[in-house]
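Here chain A shows up in two complexes: once beside chain B, once beside chain C.
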Partner chain A sequence: MNAISPHTSAPRVASAGAAVSLDRLGGVVAVLIGVALFVAPFVTYRANRIVAGEARMLLDALPMAMAVGVMSVALGVALVAATIRQPILRLSAAALGLAVIFLAVGRAPGFVTPPGNTFARVSPAFGFWLLTLAFALLVADSITRLRLGPFARLAALAVAAAAMAMLLLSGAWDGLSLLKEYATRADSFWREARQHLFLALGSLAAATLVGLPLGMVCYRVPRIKTAILQVLNIIQTIPSIALFGILMVPLSILSAKVPLAAALGIHGIGAAPAFVALFLYSLLPVVANTVVGLEQVPASVVDAARGMGLSKRQRLFQVELPLAFPIILTGIRIVLVQNLGLATVAALIGGGGFGTFVFQGIGQTAIDLVLLGAIPTVALSFMAAVILDAAIDLARGPSRD
Partner chain B sequence: MIEIEHLTKRFGETIVVDDVSLTVDEGTIAVFVGTSGAGKSTLLRMINRLIEPSSGRVLIDGQDTMAIPEDDLRHRIGYVIQGYGLFPHRTVIENIATVPRLLGWDAKRIAARVEELLDLFQLDSAEFAAKYPHELSGGQQQRVGVARALAAKPALLLMDEPFGALDPVIRHKAQEDLLAIQRRLGTTIMLVTHDMDEAFHLGDRIAVMDQARLLQYATPAELLTRPAEEFVERLVGTAERPFRLLSLARVKDAIEPGPSQGEPLPVSATLREALSQLVWTGRESLPVTDASGAILGRISIDGILAHGRQPA
Partner chain C sequence: MRAGPVLWRLAALVLLLVFITKPQLFAFVFEPLTINNAPAIYNQGSLFSLTLAHLGTVFSAALASTIIAVTLGIFVTRPSGLEFLALSRSLVNIGQTFPPIAVLAIAVPLVGFGEKPTLIALFLYGLLPIFENTLSGLTQVSPLTLEAAKGMGMSPRRRLIEVELPLALPVILAGIRLSVVINLGTATIGSTVAAKGLGEVIIAGLQSNNMAFILQGGLVVALLAVLISDALMSVERFAARKLGQAPS
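Right after this comes the complex of A and B.
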């Protein structure tokens, strides 16, 4: 049996092969930047929230001087990407590029909207997203090449998050359609954010509380291991919508028969089935990784521990669990990233979370509303992955080979 | 003193250790040899009760091990295995301190003991104390493994192929170090090995096992001169017999009066070393000196060869 491991971790490129792939990536980034600048629109202008929009190229989206400035910076980054190999320079260039386009796009609404018009919506268009993608690729690639340690990666994340928060709080983006959507539903945004986190983190906590002991039991009693893992595997293959459906029946019966359950807010539809479904999906990675983590503790280490007179309990807490911890943490990372994404689906059965905006937006064909739900979800998953990867590196620490 | 009485282990139908009885005297080394699967490890592991005997018993200084709680028993017996089983997430210091910590020694006493052991095993504490096992060479890991087993001053040390993973040079050094430390501390040792040279070098007594049975338990010289069964004779190696006998005897056992020429030999050298020197220098005899350099007599090829001969 294999431990479940994340597939998103960046590949470690050997320095010998680096030169080739570096040029290739730099070339791709340069082409993306070129397409974004000269072929794709920078923003979309719509007379109101739901009508079809008209594309505006960079030169029509910003005051002339600013547009030229953005263009020169972007071309400069393309040049750096294609010709310079030093990761620090590439990182700085890409960061500068991101800062410039993020600030610039905030100025577009004021420029393209006729004065006094409050219905018109301006949102970033394909070209903007393409530039963001190109710069982000360059950032990610340089950070991988720099082989930053866990603390440096956490610091980089903190800096990026702080910069983004400052940008949002400064009001520089208030004219953008996305922020207008936010402004009209700020209260519900934060409520759904809390609900989203509650669903994702709460079910993770529950799965950890149940899954860790379950994994330890499977490790100690191989007989039941296969059975438990098979059941969890089957659950994992049930599509989320189907699982919600399956859970509705017992939960509504529970709610009807047990007044306490109803009083606690447990119903056939809403947050309860979503929470339970996320919990069930989370069990397999936690249990499987706990078992594999414990099983990969070298037999000689366990034998020596027994021979020195460590009791079962001491062995578990002083030797087996500490040595299994990095792999268990890998399971938790998978669950966290998976849950942050899956919690979106909870909105389908009235469970709340960022999915509420996504599905409302789809219903109203209001793409900005979809983004209001989708962007925070992606950002949360990304941050969770970076933070837990750093934690896993730290946990591996001294015993790494 | 360790007394093993009619110790037997069955796994289902198969008998893995069959009615083994033997005694290991205080402060001596008993070495266990035999083919793979003979039951050596099982026998060793029944002493600290990692494996529960099917029948028979083990007495340590007269006390039945069954009367001692399992973990207490193991705290009192050092245990070293092939691969050492060092804790990869703990430093050298923390590894060595394992049993003293379990026993609740105070921090000062533990620190002093660890320092003492690092010194004894020639591990520079400034350099090694904070290192993790994967940062050590095989020989260093081995020394930490033994130091850890000796940390709580056990009267008995069980070693299951402790030098199996070392290269010949390091292995020889490790054997010498173990002998020196054992003489100094007076620890009783039971050691399993596949290396007959090691067995003859270290063992005060050697136990030969085959197919779960103890065939012979005797001094190295007896094993050579009076093998109990053909299997023992074969295991000991017929071609090696005289040379092993010579390794067991010292120059003082074959010293003769009279003068001689050439580079003198120390009286403490083995006869094998003396013979080697005689062959190499092409002489019939060499003078023998004591530690102070005074001539005690001479040693001759004929005198040496008589010691390697089959007893009448």
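Right after this comes the complex of A and C.
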């Protein structure tokens, strides 16, 4: 994904007309920033948690000096985006923009809410999200253009995560509705977080334990391969909630008939069907990538290993598997991102996880509660994708890139 | 030699059609799963009309996603849009880390309950696989082929329509299939926000603790997804064969 040739051709084409034309992407970003600042509301004020909100523009959402400050920084970023091509400068400008609006939005509740009112809720509104999107686009574009190595990407992720953690721990956002939803549910939030990770990572671990040997068998016995991959393909096609439902029946019969199963916490409703379903979904990428990874090991390499007197077993563990590893890891990346997302649906059948807040929020039409479940899920998937992409690059080694 | 799989599919299709039109015929299968004399077959709406509503939602969203995603994919691979290509790839990667349910849930407070949030979520999420595959389909067309087309005096427009798009078609179709399969699942969850569809049966089963509803809803959705994905896959194979390429 990093070594794709169009990266190199893009700047060349762009520079052909660089003397006169603006950077198109930067132009789009600048327009987004303009709309966000002057047309869209910055925050929404609601008299209580459920009622419809009233929009507040940036100038009505923050103390005058701060609003003007935010506006000038955002316009500055827009100017940089439209005129400067140097990725490092664009990245710094976008990061500064993000820091400023993230800090500023935390001050809005104190300014907008009448003193002493504890029911009122203030949430970031369309303008805030649009600014975030514009700055994030610029960050993503600069990082793509910089073509950072795996360690640099991991470091960037760590810096971003640390900054976010500091912002949350400092209490700067405590007035926002999202954090108020969190404050009333702090205990259950961390319980559901553990449950979410257990569902996503536990099923991944189980699928890796089963899928790797299965993939090796498929590689050795082509006749089994077609059959197994076909079955796994069909399972992958079944929508999650349908598969949860189908699995509930045998599991509930199992827990009714076998006391041990019930004692182990296996029930028709709850985490068990979700775990089994996620496990089944995870098998296809793991098995398929193990097979593909092993198949693409050059025959000459295997021959050389044989010539060196390595046994079949030694060849598998010392030559074939290490060479297949990056592709197997790609399968694991797909599974992890997919599982972190799918685990949200588990809440529907009582399996817990961040989906609990999403579905509660839908039920109460409380968007901040939905976000309390959705944002951590997206953040986890995003971090998992960045970390595993870096791991895949490292596993491939410098020679291949 | 391909008669076996074809027969299986035909049998599955017939079974599905009979079940959604005359579900009472199968009541005896589901009766053992009910407790307290609860109904064995979903009785709050006809399975047939729910299936039609479900498919209607999925395919209208997929049609809209296809039009937009393919247009965008063509745009960012033209010289005038090349600046957006690298970023589009990152955006698709980032977009796919959003669970479809999150998109659905966030659409609800913005547009209200019912069909609309589901359509929006399906449309937005469906863009990703189609866009991604349009990009890879168009960028993998060999430069030699394009040179040859240019040498024959084809205009950029004719090259796109007569060379690039046909060559990319199987990959684009694969993206559409992925998007439809994901949509079938998301549309099922759409029933939690009051969209009409087969998810209703499962949700009703969960709410009234009726395993029979849950199982029949799950089976109908699963069968539908497998059959549709299968049908779209044969369309892909057909397109690939017409090109004289081995199906990838």
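Keep in mind that, in the parts below, the second predicted complex is superposed on the first by the 376 of 401 C-alpha atoms of A that agree within 3 Å, B and C clash if a C-alpha of one lies under 4 Å from a C-alpha of the other, contacts with A are read in each partner's own complex, and residues count from 1 in each chain.
In this section, a contact is a pair of C-beta atoms (placed from the backbone, for glycine too) under 8 Å apart; a residue touches a chain by one contact, two chains touch by 3 or more.
Just so it is clear, the model here is predicted, and its values are computed rather than measured.
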Chain C versus chain B, contacts on chain A by residue: C
Which superposed partner A:355 touches (first chain B, second chain C, both, neither): second
Touching partner for A:140 - first (chain B), second (chain C), both, neither: second
Partner chain(s) touched by A:385 [first = chain B, second = chain C, both, neither]: second
Chain B versus chain C as contact partner of A:342, first or second or both or neither: second
Touched partner set for A:301, first chain B, second chain C, both or neither: first
Chain A-facing residues of chain B, complex: 48, 50, 70-75, 79, 81-89, 91, 98-99, 102, 132, 134, 145, 148-149, 158
Chain A partner contacts - residues on chain C that touch it in the complex: 33, 79, 82-87, 89-91, 93-94, 96-102, 105-106, 108-109, 139, 181, 184-186, 188-189, 192-193, 199, 202-203, 205-206, 211, 214-215, 217-219, 221-222, 225-226, 229
Residues on chain A engaged by chain C in the complex (per definition of touch): 1, 4, 6-7, 9-10, 13-14, 23-25, 137, 140-141, 143-145, 234, 237-246, 248-249, 252, 268, 337, 340-342, 344-345, 348-349, 355, 358-359, 361-362, 365-367, 370-371, 373-374, 377-378, 381-382, 384-385
Chain A residues touching chain B - in the complex, by the definition given at the top: 298, 300-311, 314, 319, 322-323, 398-401
